[in-house]
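Paired with chain B in one complex and with chain C in the other, chain A is shared by the two complexes that follow.
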Partner chain A sequence: MFEAVAFYLFAFLTITMFYITVTTSQALYALSALAAGMIFISAFFFILGADFLGAVQIIVYTGAVMALYAFGMMFFDTTREVKENHGNKYIVVALGTLAAVLVVVIFAAPMVSTNMQAFYPMTEGAGNTEMVGMVLFTKYLVPFEVAAFMLLVAMIAGIVLAGKKMDLSLTIMNAEEIQASEDEKNKKVLS
Partner chain B sequence: MDNAYLIETVIKVVVILLVFSALAGIGTYFERKILAFMQRRLGPMNVGPYGLLQVAADGIKLFAKEDIIPSGVVVPIFKIAPVITAATAFMAAAAIPFLPSFTVFGYEVHPIVADINIGILYVLGVMAIGLFGPLLGGMASANKFALLSAARAAAVFISYEVVTGLAALAPIMMVGSLSLIDFNNYQIENGWIVWSQPVAFILFWIAAFAETGRTPFHLIANDHEIIDGFGTEYSGMRWGLFFIGEYANMFFISFVIPIIFLGGFGDGTVLGAFALLGKMAFFFFFFLWTRAAWPDVRPDQLMWLCWKVLMPLAVINVVITGFVMMF
Partner chain C sequence: MMEIGLNHYLVLSTILFCIGLIGVMRRKNLLLLFFATEILLNAVNVGFAAISHYYGDLTGQMFAFFVIAIAASELAVGLGLLILWHKRHGTIDLDTMTSMRG
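So, the complex of A and B:
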């Protein structure tokens, strides 16, 4: 009973939040609603007993990804409404409906034909954190390591792109040094 | 799910909410008194004996004050931001074992709302969500100082979350579980983790100051340069909620540090329970002590400390722990 109530409650909340995210023209509403939606999704993991994935969902999506979005939003005035360029509404609705139907069909098809089987039987005595670890480091070891490698490459690229003049700090330079660095910059522009 | 469990859980939630809301108020009294004694003042003295009723006076003032909503703000977000800070602080408490289990009228009580097997991950994750209080409050305020504070909040929280996570990872590897109860039981048999993981302990402790936004990392609401940061436009109880969230967070992190590193409540005797409360009190006192003794660091020093000192140390610590455990 509790599970059913929780499921419908969080399903309703999640859809409402993402609906607000898509339809609002106020950037802050979109940000908050998206963050809330991400948290409500983690409820489904908790209901299904996948505690570890639920906590990771909260930490990664809400704690890290949303905060980075917020960083990006610092560059414009979030208290004003965004003027949006609305295209053809019918195409948007049609494509949205089509995508939703497709997703439902893709996930429902194996269930309808009862053609679903578990590849990995439950390990006795292992909690769900351990189970995630076992699958990740046996069956999915290569994709996992490749993903890790790609993230490393992305991180190094990010540092290289953003790291120019990283040791330069305007707060600890005195006026002459700041002037000198300004002149340096101007010289490059002029020449 | 039987009724007894449901009733027990509801009672525990209510007790934790009431106790820690009250403690947040009393925490401000302790802070003012301790700061005052360290600075050769008397602190609050006029309201009640030794100023003890100052807490009640402040509470009444905050509740009775006009709740001003400035005209330029994004109203719903502005209103909900303080609630996020307070709510996430209390949500984190759900997985913290405050005392060893005890028996009341023949009924065994576990003073933890939910002993989920990912306890520490949950506590750190939900505390990280507390970032959205200052962030949304600052961005919705339509105020330059508030926006600066929001930017700093995002930077500080994300950066120090990394240090907290990596520092906690080494003890997690040793214990082999994420449940805080398991941490406690592991330390009964193998001694306190702080003796084998001193570096992780120090790193976690330092990061705790950033996660709770306390001096010397009190940049998100630094009085002398950005007024009250995200709290500049707030008044009355909404501002008070930010405060309750901050103090509740301080109390909860003061519980988490001893449970992870300093043996928690031990084998569950009355002595162990008092020992945990004593350790908690020490860590809470240390927050106040630091505030009295240290100046704030600059934002660039804060980032430097996180990414060039603490994070490499934490990573090296994890690697060494891994090697020691393997061979």
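So, the complex of A and C:
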């Protein structure tokens, strides 16, 4: 009973928030609505018994991702309304619905047709976080390390692309400018 | 109606995915287009967690974790590129990015 009430309440809230995110013309409204939607999504994870995933959702998405977006928005002029010219609205809606139905059919077809068996069944008498730890650090150790390396690469890329001294960034200079700046540096060292 | 099953969650995931797809197609501002991609990733995560719960299998939750990691790294690189583009051209509108048009 309570599960049903919670499900419908949070489903309504999530859909409303994401709809605002997609349709509003104010970037700040979109950001706030997206953050609220992320929080409401984590409620589904708690209902489903995936406590650790819910906590990670709140920490990573509403903590890190939203803060990064807020920092990014400081670079862009977001106070005025976002001007966008739109094409045919009905075509977009029809295409979106069609694509989503297609994706669901693709994923649901093998699931309905065969009896699915649990690959890594839940252990009796262990909490969700313990089970996640056991599976993550035994069966999924290599993907875990690859994900860690990928995050490191992304961090370095973010620093290089958006770091300080953007006017001297090697990624946007051509060869002559790089040579000129290096000559200047050498001149300073020599003199 | 009162008993929440797997289908309820899959339908919800579909609706959220739909909203995200519509957002990706109708947005022209790149920052707001990034928001729509986050909605897509979250919709998929809901589906993964629901299947993980109803089949008693932890694989779905593992995939959800990796999806979150990929979303974080995509955001870091994407925002860096976006800031770079804004510094060079002063706009982040999709229609202005036609330098690769044949």
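Here is the rule we go by: the second predicted complex is superposed on the first by the 143 of 191 C-alpha atoms of A that agree within 3 Å, B and C clash if a C-alpha of one lies under 4 Å from a C-alpha of the other, contacts with A are read in each partner's own complex, and residues count from 1 in each chain.
In the analysis below, a residue touches a chain if its C-beta (ideal position, glycine included) is under 8 Å from a C-beta of that chain, and two chains touch if they have at least 3 such contacts.
These numbers were taken from a predicted model, which means no experiment stands behind them.
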Return fit or clash for chain B versus chain C, each positioned on chain A through the superposition.
fit
Between chain B (first) and chain C (second), which does A:15 come into contact with in this model arrangement: first, second, both, or neither?
second
On the A-aligned overlay, A:102 touches which partner chain: chain B = first, chain C = second, or both, or neither?
neither
Just chain B (first), just chain C (second), both, or neither: which does A:64 touch?
both
Taking the superposition as given, does A:141 touch the first partner, chain B, the second, chain C, both, or neither?
neither
Quick check for you: in the superposed arrangement, does A:73 touch first (chain B), second (chain C), both or neither?
both
Which of the two, chain B or chain C, is in touch with more residues of chain A?
C
Kindly classify A:173 by the partners it touches after superposition: chain B alone (first), chain C alone (second), both, or neither?
neither
Which holds for A:92: it touches chain B only (first), chain C only (second), both, or neither?
second
First (chain B), second (chain C), both or neither touched by A:35
first
Just the number, please: smallest Cα separation between chain B and chain C in the overlaid arrangement, in Å.
14
Chain A contact set shared between chain B and chain C covers 31, 52, 56, 64, 68, 71, 73, 78, 169, 171-172
Spell out the residues on chain A that touch chain B in their complex, using ranges where they run on.
2, 26, 28-29, 31-32, 35, 39, 51-52, 54-56, 58-59, 62-64, 66-68, 70-71, 73-74, 78-79, 127-129, 169, 171-172
Where on chain C does chain A make contact in their complex?
1-4, 8-10, 12, 14-23, 25-29, 31-32, 34-36, 38-39, 42, 45-47, 49-53, 55-59, 61-62, 64-66, 68-77, 79-84, 86-88, 92-93, 95
With touch defined as at the start, can you tell me which chain B residues reach chain A in the complex?
1, 72-74, 76-77, 80, 116-118, 121-122, 124-126, 128-129, 131-132, 135-136, 139-140, 142, 147, 150-151, 154-155, 157-158, 161, 177-178, 298, 300
Given the complex, residues on chain A that touch chain C span 1, 3-4, 7, 11, 14-15, 18-19, 21-22, 27, 30-31, 34, 37-38, 41, 44-45, 48-50, 52-53, 56-57, 60-61, 64-65, 68-69, 71-73, 75-76, 78, 82, 84-86, 89, 92-93, 95-97, 99-101, 103-104, 107-108, 111, 116, 118-122, 131-132, 135-136, 140, 143, 147, 150-151, 153-155, 157-158, 160-162, 166, 169, 171-172
